[in-house]
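Chains: A, B, C and D, in written order; residue numbering restarts at 1 for each.
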Amino acid sequence: DKRIALSNNYAGNSWRQAMLSTFQETADQAVADGIVAAADAYTTSENQPTEQAAQIQNMILQGYDAIVLNAASPTALNGAVKEACDAGLVVVSFDGIVTEPCAWRIAVDFAAMGKEEIDYLATRLPDGGNLLEIRGLAGVFVDDEISKGIHAGVAEHDKFDIVGSVHGDWAQDVAQKAVAGILPSLPEVVGVATQGGDGYGVAQAFAAAGRDTPLIVLGNRQDELKWWAEQRDANGYETLSLSIAPGVASLAFWVSQQILDGKEVPKDLTVPFLKITQADLDATLASTPEGSVANTVYTLEDAQAVIEAAE
Amino acid sequence: MSGTETGPVVVELTNAAKHFGPVRALDGVSLRVHPGDCVGLVGHNGAGKSTLVNLVNGALAPTGGSVTFPGGTDGVRAVFQELSLCPNLTVAENLRVSHPGLTGLRWRRAARAEIGASLDRVFPDHGIDVDAPVDTLSIAQRQMVEIAIGFAPRAGQARLVILDEPTSALDAGIAEQLLAHVRRFCAAGGAVIFISHMMGEIFSVANRIVVLKDGRSVAERPAAEFTRQGLVDAMGHVVTAAAAAAARAAPGEIVIEAEGLNARRGEIVGLSGLAGHGQAAALARIYLARTSGWRTAGPSRSKQTANAVFVAGDRGRDGVFPLWSILRNVSISVLGRDARAGVVNRRAERTLAEDWRRRIGIRTDNLDNPLLSLSGGNQQKVLFARALASDAEVVIMDDPMRGVDVGTKQDVYAMIRAEAAKGRTFLWYSTETEEVCQCDRVFVFRNGTISAELTGADITEEKILEASFEMQDALPQVVPA
Amino acid sequence: MNRYRILLPVVSLAVLLGLTFWMQPRAMSYFGVNLLFNLAVPIALATVAQMFIIMVNDIDLSIGAFVSLAACVTATWLNDAPLIGLLAMAALILAYAGMGAVIHALELPAIVVTLGMSFVWGGLALFLLPTPGGAAPEWLRAIMKVKPPLVPMAVVAALLIAGVTHLLVIRAGLGTVLRGVGGNPRALTRAGWNVMQLKALAYAGAGLFGVLAGMALVGLTTAADANIALRYTLLSIAGVILGGGEFTGGKVSPVGAVIGALTLTLAASFLSFMRLSPDWQIGAQGAILILVLTARLIFARRGETT
Amino acid sequence: MSLAGMTSKPWIWAWAAAALAFAATLVLTQGRGAGELAYAALSFGAFAAIVGLGQMLVITLGPGNVDLSIPATMTLAATLALKFMGSDPGTALPGLAIALAVGLGVGAANFALIFLLRLPPIIATLAASLIYQSLAIWSNRGLRIKPPTGLAEFATGRFLGLPNVAWVGLALALMVWVLLERSLWGRWLLASGQNLRAARLAGVPVEAVRAATYLAVAVFAALAGYLLASFSGGAALNMGAEYLLMSIAVVVIGGSSIAGGNSNVPGVWGAALFMFLVVSMLNSYGAAAGVRNVLTGTIIIAIVIAASSRRARI
């Protein structure tokens, strides 16, 4: 008899589409099982905090009991989130989290993710060398966090040097274009730290420029994994792929259901990112639909485990 | 230079010149205007009349000589050849634009009263709502508003009003009201510079006439010392005597039957009546109904679909392509005829344009010059050339002689008669009786419908006026177009 | 046509509001109406800003980026050092006026200059707030959260904006002259006005309302982000047109513009109350925009026949 | 041509700016990588040039005419074409046909809104683009399907040292140039753009011209989408996003008059190269996103000022 809504700010890439479908599957099952009365997904037409704030306000009016929120901005929705809390709604943010204290946060430690990329590169390239950093969308919190982690990693492993940094907007074609533009002015690049959704474009740009393919840390997209497998089969290419799993939406759904159920849940939860190593590659590739993103679907039990771990 | 008058001077031009690059628009003109003067300014198209107006108004600075105002520039007003109102504002709001002194919370009320009074004074029974946005008014009404703003007190007193072809959009009755007002205004000590291509108006108001020719003043005398013919001679035009000489073919079958009027092959049919009574709209409907926005006119299949071309009177709105050369402006309507496989035949295009430049006398040395380098009257000739160069059987003309000088008009009349004799049909709306009298048959419009059909000897100014007014004592009620 | 110009926006807002209340009766309350419309307040201000530009026959592709920048200034400087913040706001308004003057003096196409400026505003906003953050000044939050008796803040604000801009643009003499700039700039030159100054003034008006939009937005969201209002560019253009304005000829209606902004905001809410499938939620926004504007056709036909 | 004659051509400025950005990048690398950079600029410039040519035709129609549905059209055409091809070899041509058909459909729909419902083009194409976006989402939910190998090889390949996509872009530019300068249709378009009413009264089939123009821009966008998806290894829902402002920017930087009736084909290519090179230059110099945006905007305005003040003087 409780009703949950998903407030989503963007649907324009495969990660978000996978997230929406995971949420829908989980939610439909939960409704069928009678665990909740309704669970609906809403997406704004533009990736804008103003529109999402209005969407949240509408959810208050629609009488939802909880909002599962992937936010366009960590701060710009605080006004609307506060209104929702004041109206008695439970707000659980994930992926794009909000800073408003009344909301729950299911966060991925993006800075740690960035740092882990460099740590991995350091194990593979003990001699160090020049790195290229591919950033996401300027002005967005996730981009800044990952980039901070990457730079922290480079500070630690001082054999590395970031010789170029471009914004790929988490899109293959944008990343490909940006890299193609900066490559001619770069010395030899041994490694590329990416943010996800951009690795395949980077590889394409290196190939088009006739350069050796550097060690590119990938971001779990199926086309990246497929390219990785092809390279591995051809020349033994080895790398790491890591990103947040779109299935985190299902985790957020169960967390909100638990809160509505009266469970005491700490405000800050963390989920590990989904990491694919050389060993997992074939299995992951087999389970990922063509053109989509590697995924993990969370169950109620997973959610309870995450909650317990945080206490 | 008229050194005879004495007394105070409103404005004095001494050897004033204005050159636009190589073009000597005004080439050393001297002129003095005294209170009470009404100076008639005449000259062929491109003689420099409007340029002189712009020098006096301060819109242009002279490139040579001087323009001085011994009594200051207060009270010097100009009504320009092209309409200069803001169409999105109401009549009263347009007064505010010209009269920055209208301030305070109640400025609107004051503006309404002032423009209303001025309109009443110049055009009694004008019937214009001062709260109507200007774009809902007919062209004639807009011109009336502009004139009324020119004569309005505007926190002072008009001392010199320059009227640049003010009557070109007005019908005879309203033009007469204006002439009467100008006479009263001058009698009361105001000064007017009055520009017109209509000799009758000049003789009716001017006490002094200045003739411009190619940027120079070629004659300046009291009006009484000019004769009509003398004036035309001074302007340098040879009036083509060939007037009615062209043999008139007997009109053929009916090719147009629409809007309650009809026209036969080879006929020149006039549309007349007071300005703004639906003539222009009827013409536009006839033209649009016979042509399509989806395909070009092919060879006509039946008489009711005879091809039509349009000659615009409101050049800026309906006629010219301002970015283009004269050549491209002439050829646009006939390109489709000469094109092969969708490719423009540029040789045929140039041959045709050169041919028409000669035939219709467009004053330019190079057809590749921009169209806007031509004077207004010459631009109008380009529009005629565009229409006549086509194969269309029906030529629809919406007051096409606006601002065209006397000499050119005679040439065009002759050309129209010659084309009609070859079997073309003309539908010709005009505000000038002289032109209407060139027609074989005339339909008079009143309130959007046809009130009379006149033929042959019946086509006279009296008959037209009679049909234009509902009853003897009815007032000229002007209806928005 | 003039009377119909304002009738259409009013009717479409009323119909949409009726449908919304019918679908979601909960919205029919003090609280509900405020939730429906409070985010329309900054949009209305941005729409009025756009109207000032469209009024002089130009179009502003940078207003969204400009409002974002104003929001960033509000959440940082205005909050931390109010005096510097106010100076920065004044500088922004002056920059807008300068943009208008340059566009006029060099006869540049406004669409291009504002396109270029949108990059500039966006870049400055990124300087100021490389990551989302900042905080709204307390007083600003208090203003945006005020609860007047009987009528919610959002409605009071909309009425206020509409009333003030109507006075400025339609009733005042200078506003009338500014509309004249859109109607026929040549007539103004001939009447002795300095059109460059007038255009600068119109742009300054846009800058002022853009700054107000940024402040109102931060008052509601409590924090800013460099991309916060990019969407306002297209929304504001749509709002002006929806409100009966036209792209050329100085034909604008401030009351209509505010109503247009409210209508656009309401349309989005109405769609989410319809609970469409996520696939079609985006497309439905386009469909409703087309639907509302199609009503213009009917009114335009009516206008023609009178 | 004399120097004065050269500078009177507004497209010179776009090319000069592109050359300057190119040179500035090479200063940094001391001349290394010139070929690479030029090659990349031609590849990526081609997409901007193709959509820019379409946008230019629309903008030539006169004030208020602009197509804001270009990104959605690119996405929809690419999504449907790639879904149909499904990486199967030998499907490239039917896939192209599907993309072009989508372009025709979108153009027809846009024009129907403009013509039948008399919506202002800005609003009509904006609203319609949201619908196209929904269609793209609905049709394959953002899955990124790889193009057939042969097609991908064509899109990323080269011929006589130039990228194949640049050849396509150059061929289209030549076609548009001939159309505008030599054909009847071009004359009609230019006339309609200067004064629609006068064009109609001069016997120009203005509705047909407008319809053809809106069809053309959509077909160009569809083609660009198809090529871009093949080039970058699949269609993405957000693939067209940056081409909205880009398509307008290349038209105006290229020297076409935003007031209509005047267009400039070489300028579009110059501006397309410039837009790529300036970002590359700023990236190479390590400019942060904020600086990059401010400089890009300033340079755009500077070019427009240079081009226009020159024109005024002549």
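Note that a contact is a pair of C-beta atoms (placed from the backbone, for glycine too) under 8 Å apart; a residue touches a chain by one contact, two chains touch by 3 or more.
Quantities reported herein were computed from a predicted structural model and do not represent experimental measurements.
Between the interfaces B-C and C-D, more contacting C-beta pairs are found at C-D.
Subunit B and subunit D have CA centres that are 45 Å apart.
If you average the Cα atoms of subunit A and of subunit B, the two centres end up 71 Å apart. Each chain gets a centre from the mean of its Cα atoms; for subunit C and subunit D, those two points are 29 Å apart.
Among all residues of subunit D, those that touch two or more other chains are 130, 133, 137, 141, 257, 289-290. Of all residues in subunit A, those that touch two or more other chains are 11, 45, 138-139.
Contact of a single residue of subunit B with at least two other chains is seen at no position. Interface note: chains touch in the pairs A-C, A-D, B-C, B-D, C-D.
Interface residues of subunit D facing subunit C in the complex, by the touch rule stated above, are 63-64, 68, 113, 117-120, 122-124, 126-135, 137-138, 141, 245, 248-249, 252-253, 257-259, 288-298, 300-301, 304-305, 308-309, 312. Only residues 57, 59, 78, 80, 84-89, 93-94, 96-98, 100, 102-103, 107-108, 133, 135-136 of subunit B touch subunit C when the two sit together in their complex. Listing the residues of subunit A that touch subunit D in their complex gives 11-14, 16-17, 21, 45, 138-139, 164-167, 169, 171-174, 176-178, 180-186, 200-201, 204, 208-210, 221-223, 226, 289-292. Considering their complex, residues 182-185, 187, 190-191, 194-195, 197-208, 257, 261-262 of subunit D touch subunit B. Residues of subunit C touching subunit B in their complex: 1-2, 171, 173, 176-177, 179-180, 182-184, 186-193, 249-251.
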